[in-house]
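What follows is chain A paired twice: with chain B in the first complex and chain C in the second.
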Partner chain A sequence: MPLEIPDINWSLLMPQLVIVSTLLIVLVFDMFDAISKKTLGWMTIVGAGIALWSSIDLLQAGTDQTQFNEMFRIDSYSLFFNIIFLVSTILVALVSISYLGSGDKKQGPYYLLILLATLGMMLMAAGNELIIVFLGLELMSLSLYVLASYFRESPASSEAGMKYLLLGAFASAFFLYGIALVYGAAGTTNIPEIISKLSVGDQLSLLSESPLFLAGIFLLIVGFGFKVAIVPFHQWAPDVYEGAPTTIAAFISAGPKAAGFAAFLTIFVDALPKLPTQATGVIVLLAMLTMTVGNVIAIAQTNIKRMLAYSSIAHAGYVMIGLAAANPDGKSSAMLYLFIYCVMNIGAFGVVIMARTADGENLMISDYAGLGFRKPLLAMFMTLMLLSLAGFPPTAGFVGKLYVFKSAVEARHYWLVIFGAINTAISAFYYLRVVVTMYMREPEEELEFKPYPPTLVIGLVLAAIGILLIGILPSLLLDQAQSAVQSALL
Partner chain B sequence: MALQYYLILSALLFTIGVIGVLVRRNAIIIFMCIELMLNAANLAFVAISRNLGTAEGQLFVFFVMAVAAAEVAIGLAIIVSVFKHRETINVDEVNSLKG
Partner chain C sequence: MEFTLKTFIFYGFALMTIASALAVVTVRNIVHAAFALMVTLFGVAGLYVFLQADFLAATQVIVYVGGILVLILFGVMMTSGRLEMRIHIERGQLLLGGGISLALLMLLLTVIANTPIWKNLTDDGTQLAPTTERIGQLILNEKFLLPFEVVSVLLLVALIGAALISRKEVRD
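Moving on, here comes the complex of A and B:
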């Protein structure tokens, strides 16, 4: 039998190809000592920028195709997620250039791993086959384990890497076993085929009640739950965020969470209505738990990185509302929420990096006392990011929450909306406490702050503009997200 | 032989792996238990693939073996760097990050 090689349309794979070539270029240039270390960071930004531009280009052309024997899907859904990942990568690289400085540390591998992780995320969002989703997940996770422990001389960084590795690999094994069981029950690993096998005409098929299949689906939820840090699978997140380099904490909290949800949404939004109602019940319960536990524990935190970690857990809960709604609006509002969340969370971590002194980072919330008068620019950025995280209008965070809640009302999940609203009120307490500390408390000791690095300010200004722009003109993004979901339905 | 025997064996191996991860405190033993879980999944894949007569499952196994090898390389490197700082890889003693 002759081997058939499918036609590959390379122009559709531009974003991925650009990222691969950028990472190879970074790898080669890292070997020359004459190259300034900051150049590598700028190369990353330019590469991710070109990939971003070509993703937007493909999105506007309305691309909707599969490649590699239907294993790889290039449609507006995966392209929208590409934009989320690439925007996060660019923001993180901008922040990293000043964070790493021009010290002795090797920086080639750092940017290389960031690009590899980005590639993994893009694979996850584009995966039309569980094997691609798994490989993307592993490519992303393996790069992140190394990045979390990148500061080898710091015990905290190594420890964060080890915790992330052990729990991440544990979760991957669950995910893989879930795939095996789903494959055994459905006889295929192609996601649309699995979903279509769940129903025969209007009736649900036997598959949707087969114990093997439901066990597989349950294991997939556990696997995804670890990766996107939803309660009760969240324990790794605060430790990893605290110990990892702050830029990497920002990166882990943004892109990988969006990537996890990208694959989670592809499989579950379409599958949930065809599964027994208990499956939806489990998702609703997880969403409620995640929001409540994340927000309540965040109140007790004194370390700002840990507070942001618990807040990011709570935000995963809000995205889960969109997932539980399991309707087209739920999917598009979850996509919108993830985009907004990535920008504002990287912004908040950026401000934490900006508040560095000569002795290192100031991570206690009490260190922020009096910043409002002594560092007005920094305090202003922080206030904007925190207001957006808390969901105050006219910031993007408000828009994101509004659409997520709206989709849940349409799906008649009223309890979820009530829980979400109560949680938003709880979260306002700890976000505003930081703002109050900055503007209304006297500092206990005078801290010598480092001057603002220019690249960091550029990154923060971009994030701030994004948050306000989406907050005032939400249709810019929402229309894209909605058309992405609509095109998948046709 | 019927498929269910293979699936039961793989479920047993997977459970042993899970219990090992939860009970043992040595990072390397935990890591070995995770490998056991991955191999349990591999066994399920091969058995199902043989039963269905499709090649997807066997293909999956090759990728999983490659991924597991990469995971071991990275994992041991990280565990060694933790050992350099603390002279222990007992996960209960490596707990400076707490809140």
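Moving on, here comes the complex of A and C:
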């Protein structure tokens, strides 16, 4: 039998192809000692920038197609997520350029792994097929395991990488087993086909109550739960964030979480209404647990990286509200929330990097005492990021929470909204505590801070502009997210 | 149920797989556990043959029995420095792990008992047909081309990651 050359429209794959080309170029240039890590960082930024531009271009052209035998979706949903991932990658690369200092830290394919992880995320969001989602997940996770243990002279970094690897491997096994069971019950791994098999006309089909299928769905929830760090699968997050290089903690907390949710939303927002009501109950319960446990434990933290880790767990809970609502507004508000969350979280970690002295990083919250007046720029950025994380107007964090809660009200999940509101109040306590420490406490000792690296300041200024712009004009993004969800419905 | 040579061999493989899998988690000597794992992986390869997946069975033997197991043994030798490392299991871990495993087993047994398609599966007498060519066609044709390409990138990550982690410290 002759082998047919598949008919592929390459122009639709531009964002992914640009990322692959960039990572190959970075891989080759990494071999030459004459080329500094900084140059590689700029290459990464340029490559991700071109991919971002081509994603926006495809989005504005209203592309809605599949490639590779319906395995790969190029529609406004996947393109919107591409924008989230690429913006995160650019911000993290900007923050990283000055962070990777001397000695051993200079070595190794840092930017290459970031690009590979980004490619994995883009595959997860574009996957129309469980196999592609799984491969994207593995591509992303493998890169992150290595990045988490990147500072090999630091035992904490090695421990973070090891823990992440072991727990991540378990999660992947659960996920894969879930795919196997779903395939066994539905006879296909194509996501829209699986969802359409759940109902016959207006009636639910036998598949939606088949124990084999439900066991598979349960395992998929566990697998996703680990990857996006929702309670009770969250234990790895604080240790990994604390031990990993701070730039990588920012990276792990942003893009990969959005990628996990991209696939999670693709499968579950359409599937939940067609599953037994207990499935929605499980999601609602997980959302409540995640918000509450994340926020309550964050109060007790004295290390700012651990505090941000628990806060990022709590934010996964807010996104779960949009997932539990399982209506078009829930999906678009979760997308908007993920975008805002990525920008403000990378911003917050960026400020932590900014507060470095010659001895290393100052990670205790008490180290921030008195910075409000001695380091006004740093304190101003930190205050803005924390206010946004807490959800105060006119920042983007407020807009994100507002639309997520609104979608839950439409879906009549009133308890979920009440829980979300109480949790927002709890979270305001520990975010504002840092602000109070900066402006109202006297420092115990004088710390000599390193001068601010220009690239870091550029990254933070971009993040700050983004947060204020979305906070004041949310329709810029919300319209895109809503039209992405609407076009999928037609 | 008709008891033929085929069913006899099937139960032989099934028993072998389960018994050796139990041995993997219960024996104290880590090298013995590794060798028991070899029998488990081989038994699974036998079960693949019964599912008419000949290519998968051959791959299982070559990759898992031949490759991964040797790697595990190398890993044991390099990390412990001696072969007679003992596995110590705390009572609490045993109870917790056993409990979770039992719960999972109950879940899967319930699923098997309640899934109608598996109750009336019969041997329809189809002959074992080679699957290698069909798998090759599917991978290089449009159908599974994308996963095939993504796997190659995945291998690149694994290679680079392993090299980065295992490389000697470089100081300047």
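FYI, the second predicted complex is superposed on the first by the 476 of 490 C-alpha atoms of A that agree within 3 Å, B and C clash if a C-alpha of one lies under 4 Å from a C-alpha of the other, contacts with A are read in each partner's own complex, and residues count from 1 in each chain.
Just so it is clear, a contact is a pair of C-beta atoms (placed from the backbone, for glycine too) under 8 Å apart; a residue touches a chain by one contact, two chains touch by 3 or more.
Given the structure is predicted, the values throughout are model-derived calculations rather than measurements.
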What is the contact status of A:G136 with respect to chain B (first) and chain C (second): first, second, both, or neither?
second
Check whether A:K163 is in contact with chain B, with chain C, with both or with neither, and answer first, second, both or neither.
first
Chain B versus chain C as contact partner of A:K450, first or second or both or neither:
neither
Kindly classify A:L119 by the partners it touches after superposition: chain B alone (first), chain C alone (second), both, or neither?
second
Chain B versus chain C as contact partner of A:N69, first or second or both or neither
second
May I ask you to decide whether A:R412 touches chain B, chain C, both, or neither, giving the answer as first, second, both or neither?
neither
With both complexes superposed on chain A, which partner does A:S149 reach: first (chain B), second (chain C), both or neither?
both
Just to be sure I follow: which residues of chain A are touched by chain B in one complex and then by chain C in the other one?
131, 135, 138, 142, 145-146, 149, 152, 161, 181
Residue numbers on chain A that touch chain C, as the complex places them:
1, 3-4, 6-7, 20, 27, 67-69, 71-72, 102-104, 106-109, 112-113, 116, 119, 123, 131-132, 135-136, 138-139, 142-143, 145-146, 149-150, 152-153, 161, 181, 185, 210-212, 215
Residues of chain C defined as touching chain A within the complex:
107-108, 110-111, 114-115, 137, 140-147, 150-151, 153-154, 156-158, 160-161, 164-165, 167, 169-172
Residue ranges of chain A in contact with chain B within the complex:
131, 134-135, 138, 142, 145-146, 149, 152, 155-156, 158-163, 165-166, 169-170, 172-174, 176-177, 179-181, 183-184, 187-189, 238-239, 242-243, 300-303, 306
Contact set on chain B toward chain A in their complex:
3, 7, 10, 14, 17, 21, 27, 30-31, 34, 37-38, 40-41, 44-45, 48, 51-52, 54, 56-57, 59-60, 63-64, 67, 70-71, 74-75, 77-79, 81-82, 84-86, 91, 94-99
